[in-house]
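Heads up, the next two complexes both have chain A, just with different partners, chain B and then chain C.
And then the complex of A and B:
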């Protein structure tokens, strides 16, 4: 399928896009049905182009920052929001901050620790380990390190997040790579950005010196790429390859087990139907005698991420409740200042309009309309421009905390910008507009005379 | 309280130059300053609104920088000059280090007699050496007896001799506290409901920051000596509170190694030793890295170790700079708007001044100073508002790329940050005021009077 047709088709299935299109249609209808008023507003704005441009630029810049911050906050909210259906449970070591469970747990956990016929079974499962290595021994830089999700490659399409956002071309590459990885355990998929940083290509063979498993240095062959976005800096390897290497350690060390032989399972993800199934599953796992040394805990994936983010809670609170409101107030002040100056300069014009029969409320709406026009339009250009720039060219806002990688600007940003611009324009221009409404004709003309 | 006086040179010079230029413009430029001040006061609403925009931008900048400064101070104050950190080879930080099980495998025992003689000693002649195990455990957050479904990462430090560890890290205990006993545990005797119990509570010495964090869940105040908290399904009793504000130890719980080791790390992770001559610490670190062979170790100065933990701090600093500059650009457009409006409203005044004999450059200076003055007022107010954040506490992570430490930090507004705030406000005022002032300068007297 043509990528453009695919993207358009996806857009029509997106509720945000549908609401946005409906809002745009409504806005267009309002503009055309009030054509004369809109024309008047545009003429007024054109009279002092410099002021209009400067106010627009200020809004443009500030909306840009708010959109970027809201992108990060909304994405984190989305990740940490508890879902009611299709829950992903995450089993980790109960007490250790760095979960290290024996790989032997994987089989029992894949079945949800079910013991009785009436017990709940997960719909799907995925075992995860991490492998971190660098191309040069003892040297660990941004250009030579690799971070792997060690897993069964076949679980990638069903258990990993955001695979539904992959384009048909990327999906085809993914399935092809999975087939190759199943055929040869040494084969790996690498994110496009990481591959570029490593200066490697598909088909290249590499040797990595491990950072987190002592003496487990492995050779790989790059068989496919992961698309830009969430996984662009990650890589996927077959978990069996890591396990084989850990088992092989004993052969090369006179039967002595690898120090992390019983600590190679980091996470076990289980897919459950709903909240009730998740709770039953969590109960089965926590009461099972199979998972006691070390003990395990079962959380929803979102609550696990929320716990991780707890250390940053003050920072995120500051972004949400300090930075964004202060920027919004700054915007309102800039707009208020511009509209106040404009109203003061045009008191005679307001008086003439009143003489011509314009009602005070109509004058109020015209002044508010000017501010809203500049605010909404600048907001739309800013957030829309940021959407196209970040998603189209840069590939996301970097968020160098944990494994988040980059955040794409959501489609909702197309309404955030106009809403922020419009809202602050309204707040900033209401009092100046009110003072324009109360201009006294006799006072203005007496001064002119 | 102000910190780090005097102001850093790279900040002080631009501020001094700006103020000098400001004064020179006023004195040598012979500008109609009283006219400018009258205009600013007559148009007080516009002046106030523009200044307020500056105030907000600068106060935001101050708060964000205070957060980053707090992180930097935290890592700097945690290091003691003369201390060396011994970790296992290849470990980014303590959480990844493994120095071995028993004390006999400690690197101190692999030092030569000559090397041992270079170590500083306490009053009793014991070498200032501390063996530590850094353990991070996930602790369910229980507020008023109810779990809230989330966990916090609690940092434990298993020790053999807490008094010696405190000496090595230059830490003291708050009055009323004592180090945990030889047993490391004590009987609880009665539960909260008053029933007799044979349960033993783990004795712990806690940092001030974590005492605040843990205490608010149950006691709605900071933990005090004798208070209990829960972790790893065990009851813990506070025997002492460390004077640890401003260091990474502020977020730690110290307990007996044999008790907390089984919670995650039964090997020592870290060995800290104090070298007699602090200038010799780097040399000693290099020598030990080479000579200790029994366990592969990497030895570094504590100052260097904490310096590496500044990676996240630098990322925060970069983000703060980017956000401040972008918001600042918005503020510049705001002041430009105000100044252009001021010029268009006062074009007749400019014409009169030119006819009265004021030169073009005097008009330029006059309007330029006006915008600088608005910026300065807004900047000073912003600094005052931002200064209110000084001393507030926040949680974050310090990391050097590998693991990381969860820390409770204090926001620090110092003279450098305030100077930076004023400088940025003046820069915004200059950037926003220069173009309008140039346009005022170009106005022709007769045209402007028409």
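And then the complex of A and C:
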């Protein structure tokens, strides 16, 4: 099943989608019950097609930019948001620049450092190492490298993020691959995009020359794929395979341990029920004598991500509070300019409408209606079009910072566009509309008489 | 017993303030307009005739005085109330037609009816009646740009009468027309006055136009200086 079709089918179970559909139905009802006014608005806009098209294009482009920025910012907010339930704790080395813990910590951490019967145990756990290798020895390029999450493959469905967005087909592939990986440690899952870039297929055997563990070059067999989205450029291997290779280094090197033998565990994730359980778990681990050399710290996964993003804090702040507001103000000014010119040109027409009995507020709404029509429609086409283009065709906006892959445009973009376009249209056209409302008939038609 | 006049103007003053200067346009003006009368307002430039027309039509408010149209004191109404009142009670014919260029002739005539609680079928009936009266049913789907000056003014008149208003006001309705078209328009207005008993107040500079009226009022410097009944002149 096409992933986009699958996601569209899920719409009816999504509260945002239901609200969007209800608002759309209401909008259509308002349009059809005031179709004469809408007809007048559309014809007035057609009076100067060039001006209307240029205004619409400006809004379209600016809404597109804001939607792309908000997609990234909202995704980062979602990832870094502190949850109150189903927290994922992340255990890392406390003082090192890079987290390098001995793999022997994994068993004790999986138990949450529990010592007493009353101590809290994690609901689930996952140990991570990273393996980075290239297909050619001594050559490391974008086209020949692979980045592996080294983990127990059975933990993927329960501990990794966004597995709930996988289509039924992708889930079936995932579970089949996990079974094969458990049967043979050399087997790996690779993201579809990465596989395409490496010009490899499922079933191929590959040898990788390691970049981050000295002399730990490994052979693999590709047994399955990871779908488009977050993991499309990553790969998953069995952590036991890496540990066995590190342990086997001593056999091949006269008993000399691998230099990173006691540094192979990068993260340990622990699932807890709620905030209280997390606090107790963190206390158990930090006070346990098992994890003192090196010492470890326990954060929530979201705060861990937030710490990582701290380096980009100013950039993200600027995007959120400077760039986006500047774009919104620009849009409002563009619309204000277009509507002001239109009102000035049609001052006599406004006066005639007043003579015919149109109240000042009706005239205000007609002018606002023109601006809102252009703003809302352009916004909807922009954000909706971006949703279909990015999610359906391209597969997401690349965000090449850290391990972040591509970000998909969220469903909420379908209301962002009309809201941005409509909101800025309202703001930009209010004063020109008020000016139209206050046209003095006697002044417009005054002549020496 | 004589019927109450349809328009009563009592002690109306209208002035404008330009900086420190007060410019008096109308000076203690009083007049009555009986129902069904076709009245012409004449006078030199600056005499206040258009200002008086605007006050009677509810497009402006007097600085002092009272104006009653029908049974409503329009000089006490605010802008929104006046707009609502105008829809039902006033039909305005402009010198330069002022049709909306984006609408067809039919839609221009229909425009005032959109403000009234009416079904689409009722609106259609009234528009057709108005267009038949001005003899322009074959041009209903034409835009103003596709009509001659005389035809546009006929659409303007149809728009003015479509709501069956209490009062029709016309500000130099033939001012932008050639003599033939002007004659057609004046014939139409005479027909509205005599056959349909419509009360018409027309501002004009043209004595031939004024001659179609049953009464002519002359204004000078904001005051009523002379009044003549055309009927009595001709008969």
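The criterion applied here is as follows: the second predicted complex is superposed on the first by the 437 of 449 C-alpha atoms of A that agree within 3 Å, B and C clash if a C-alpha of one lies under 4 Å from a C-alpha of the other, contacts with A are read in each partner's own complex, and residues count from 1 in each chain.
Here is the rule we use: a contact is a pair of C-beta atoms (placed from the backbone, for glycine too) under 8 Å apart; a residue touches a chain by one contact, two chains touch by 3 or more.
The model shown is predicted, which means the values in this text are computed figures rather than measured ones.
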Checklist entry - In the superposed model on chain A, is it clash or fit for chain B and chain C? => result fit
Next on the checklist: Is A:388 touching anything from chain B or chain C once the two structures are fitted on A? First, second, both or neither.
Outcome noted: neither
Checklist entry - First (chain B), second (chain C), both or neither: which does A:441 touch? => result second
Next on the checklist: Going by the contact rule set out at the top, does A:61 touch chain B (first), chain C (second), both, or neither?
Outcome noted: first
Next on the checklist: Under the stated touch criterion, name the partner, chain B or chain C, that contacts more residues in chain A.
Outcome noted: B
Next on the checklist: After the superposition on A, what does A:46 contact: first (chain B), second (chain C), both or neither?
Outcome noted: second
Item to check | Touching partner for A:26 - first (chain B), second (chain C), both, neither | outcome: neither
Checklist entry - Which holds for A:360: it touches chain B only (first), chain C only (second), both, or neither? => result second
Checklist entry - Once the shared chain is lined up, is A:336 touching chain B (first), chain C (second), both, or neither of them? => result first
Checklist entry - So, does A:349 touch the first partner chain B, the second partner chain C, both, or neither? => result second
Item to check | chain C versus chain B - closest C-alpha approach in the superposed model, Å | outcome: 13
Checklist outcome for this item: In the complex, the residues of chain A that touch chain C are 36, 40, 43-44, 46-47, 348-349, 352-362, 441-442, 445-449
Checklist entry - Across the complex, what residues on chain A touch chain B? => result 50-51, 54-55, 57-59, 61-62, 64-65, 92, 94-98, 138, 140, 211-212, 297, 299, 303, 306-307, 310-315, 318, 322-323, 326-327, 329-331, 333-334, 336-338, 340-341, 345, 400-401
Checklist outcome for this item: In the complex, chain C touches chain A at residues 45-47, 49-51, 54, 57, 59-60, 79-80, 83-84, 86-88, 92, 94, 98, 100-103, 111-112, 114-115, 159, 171-172, 203
Item to check | Residues on chain B engaged by chain A in the complex (per definition of touch) | outcome: 45-46, 49-50, 52-53, 56-57, 59-60, 63-64, 67, 90, 95-96, 136-138, 141, 149-153, 232, 263-264, 315, 323, 326-327, 329-331, 333-334, 336-338, 340-341, 344-345, 394-397, 401, 403, 406
